[in-house]
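A, B, C and D are the chain letters, set down in written order, and residue numbers restart from 1 in every chain.
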């Protein structure tokens, strides 16, 4: 079967949907690149991570729009274009840049439908690169998904592999609500089997990556592969787990977590963002409220500490929950009671 | 004893500290008002809620700075002035406006100290009006504290009464870290006994508003007074509770909550913000991880639904957790096991 | 310049409708029946109407916190608006939005906006859509002098220039942002000059004169519809009430509003002009006044007795599907 | 105009230090030892040094993602910087910041900044502090042509004008923001004109010529120190490397960098000028080149073998107290 990197899988989804639906446009900084340059070459970037490569030559400047460094205008323009009938996919180069355009995300896109009495929709997708692990420093490495998951009106997607990324992106663009789509930088080159052509993955349906009996692990984004590594090691001691990848944080498929807990009674949540008011805390809280009786031990929230993302390799490595930390925490959790 | 409104209590704290410390400046939109007007009258506003009234006549234009509508510049200027040795108190008229200046809050102020290796500090206070209940609509009524509580490097204060507000404000201005200070619009006119002169309330120490035996209630900001009303009603049936007001959400005095739970075994958290990734979820999650064995029933998170704040009176009333909803939820919780 | 009778009648009716709507609201607010806080547009009618008379339902506008005038000028249903402002179930936004969030896509009205500077990027997006759809329509961003200091607005202006988007920026300079004078907060003293600095044509016009605004808008829409890019107009105007209802206006000279009502009233100006040119008669205008008064009265009566939204409405309309 | 020998020697040394630092980094990055991504300043040295030679340690600058040049020009310790870029425990920021977050308050360096447009509001704040402290110091905001499209920057400019803050905005127009030409993204084709639109004096100068930048900065600092308010300067310059290390520069004509290195090299320009005026000799300059080469080599050698931060450092320095 054909393998694609997550980068190329998302690229393919964009191509497919722009082909299928003339209302889809893409806009952002350097989504093609080369405008105003001296080489005369357009598509000189295709996005700084190459995710939008080839769209400009195929769909032209009117639908693949390079913008100035003006994130509020980018997201705001996506909003306005959506209200006016298009289906914009805006690229926010790094999720950390939500800070300079957050109003258009949480006060505008998220609230139009409600404030306007259900009489309109704002079908935008904001694609953005997320996560630590590349030593990009405190302002280019954050996992910002809790901030948008908490906002009613938004949908939040965090794919953990190329296959899901393609299917979720097609769903996202076709979805009539505003979607924030987090693409982990470290996953861009990671390959998996990706079918050609059209397929969608519904929002709000978790992926049960593995099934097991001793504990339930919920892992987000890049943490899924780390959990798999840890489970490989634990398997040698006969320890198995349900590994649940929520795929979308809003809507969240909490039911699948509760069901798993009925069997295992033990929960570990692995989240790459700092602990307070995080998605890990959110899920732990939901379980404390809705699946309390299934719990046989304290919930383990495995997250980085309450600090910004450090730069130095050694510090960043210590910051991110890795396979070893997951393995250790799982062993610990199995002893707790 | 002298009673002051929360508005006047904060105003007094600002007066006191500006008097004591020449490095304190205040800046924001209409913090005095009247600049460039035709009446020639300055201090024509004193802040749209009147909290900064009288500062300009007392401390002059250089320390009480009216700004254009430029929130990024306001918070950014506070940051720069702090790095350069001042102790700015910036007013963000409504917390909802974090959207147009969030970068300066979470990427700049919050991270300077860490990114710069501990060699500097950013002692700013951002005062901002929070909360629903005045029919101000979806973009002027939000409770945004979860978004900043999740950010390492920030401190977050949500006073529930005039006395605390004054003491916490004095602590906030003297604190060397960036502080976001949420003032609930509905509490501004609410009076309580406020001593004259200088007193501070430490961060990270919850206030145990009431002591009781059947359950633990954690309530934030305006929700504290609603919980008190509910407890008055419940007292008639002999139901009593520990009512805990965290006062600061970061740092959070979670120990006091755990200790209370040792006695009661039942927890209800009342938060005015929507449920996902909220402070309610955060506390529920902390308890599920750190005080699991004390719990005798599922944690109750009493929050508004996952919707924007509606405009119409009837809807907004239904949105906010009120005394009756709290009372009903408490009775329910006592039945759960 | 000669104007059709029907055109003048409609323009006057629109301005009068806004004026009556707002003056009546000013009274009704004092009854305490209207929730929230409200920003009235009285005094600025010539701007909203001068701008919107250049537009069709297929053109777009993005409005502000002071949006009633824009809504009416763009054709929103007046009773629906009044119901919304009262927070009623049958309001234009089902009572969920309120005064600062009235919208009607079917009229090309992208929404009032309670965030200063929220609208202009949205308008530019709508203008981009017009370009992609190649439909010859345009999008207008309304903003005040105060909004001309918000970074998002400048970003929108530059983006429109870069993309040659059919966008028009209308900065209603009424001299104040809340309690602060534009002379203080707009460092350049002039907004049009900023727009020129961003590379688009810009002109100041008389916001108290419908014809002045209409002419300036004509140049801007012509340019936009021809695909030549954005323009800015800066109508100088005045508001007859406080920033919001309840504002004691300590920053304004005591007699300022009275003077402006006497000398800068765009409705009086209009009447004066059209009667002196003998385009319309006083009787024509009086008839409109009568008619509008009845309409507004009906709107208020309807709104006062209308049903509030049912609590079940609280959780609907958040998503299309979830 | 006559310049002191010491002044010229220092200016040249500063520029040469930046150049060597960056050219050496360009090589070292290829070893894979340097974490993260790095934006080199080579080619723009005359701007950083022309600006900072007008400043003292008590004046402030706010820098950008492309900050090494500004740091060196403002007096940051070169070995400390190199250690930081390598992510070492003894780096200027203990290895916690990295290339994009170098800061040193003791030198008036408010920090590089990985957010485009993050610095200017901060610089204006420092300028406000100078005003409050009445110390006669100024604050400079560095930014690129790309940053001149970010709303936060315009807000900072207007605020500085309104408050007459002693701020100076330096827009280093190197023709590109990442892979996009300034001709495209800066709709007005000119940043100085924008600044004038905001009500402050602004001038374009030759960013390849130390003296041109230094002169323009002289006018700006004079004005600022006299309390007359902010100014903008727009040095036209070029970068000799890609946007970040690894950028294949597909947007640039194949020979552009080579041409610019041959014709727009500010170090060559400087040498030419000072030797032809006989202010300094080639030998003077060669001696500096030698000296700097040794210094940079020591910095690299030190950094390569230095210890990383201990994992215990992960959780320190978040708060002063918590």
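Just so it is clear, contacts are C-beta pairs under 8 Å (C-beta built on N, C-alpha and C of every residue); 3 or more make two chains touch, one makes a residue touch a chain.
Computed from a predicted model, the values in this text were never measured in an experiment.
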- Item | Farthest-lying chain, centroid of Cα atoms versus that of chain D | C
- Task: Could you give the separation in Å between the centres of chain A and chain D, each centre being the mean of its C-alpha atoms?
- Result: 35
- Task: Between chain B and chain D, tell me the centre distance in angstrom, where each centre is the average of that chain's C-alpha atoms.
- Result: 39
- Centre distance in Å when chain A and chain B are each reduced to the mean of their C-alpha atoms: 30
- Item | Of all residues in chain B, the ones touching two or more other chains | 67-68, 70-73, 96-97, 99-100, 103-104, 107, 114-115, 137-139, 152-153, 305-308, 310-311
- List, in ascending order, every residue of chain C touching at least 2 other chains. 93, 95-97, 101, 113-115, 118, 149-152, 155, 158-159, 162, 184-187, 318
- Specify the contact topology among the chains shown, as one of line, ring, star, complete or other. complete
- Note on the structure: Seen from chain C, its contact residues with chain B in the complex are 35-37, 87-88, 93, 95-101, 113-118, 146-147, 149-152, 176-187, 250-254, 256, 308-311, 313-315, 318
- Item | Sites on chain A touched by chain C in the complex | 25, 27, 62-63, 65, 67-68, 70-86, 88, 103-104, 107-108, 112-121, 152-153, 155, 175-177, 204, 251
- Message: For the complex, give me every residue of chain C touching chain D.
- Response: 149-155, 157-162, 184-189, 193-200
- Residues of chain A touching chain D in their complex? 29-30, 33-41, 44-45, 48, 66-70, 72-73, 96-97, 99-100, 134-140, 305-308, 310-315, 318-319
- Residues of chain C touching chain A in the complex: 60, 62, 91-97, 101, 103-105, 110-111, 113-115, 118, 120-133, 139, 151-152, 155-156, 158-159, 162-163, 316-322
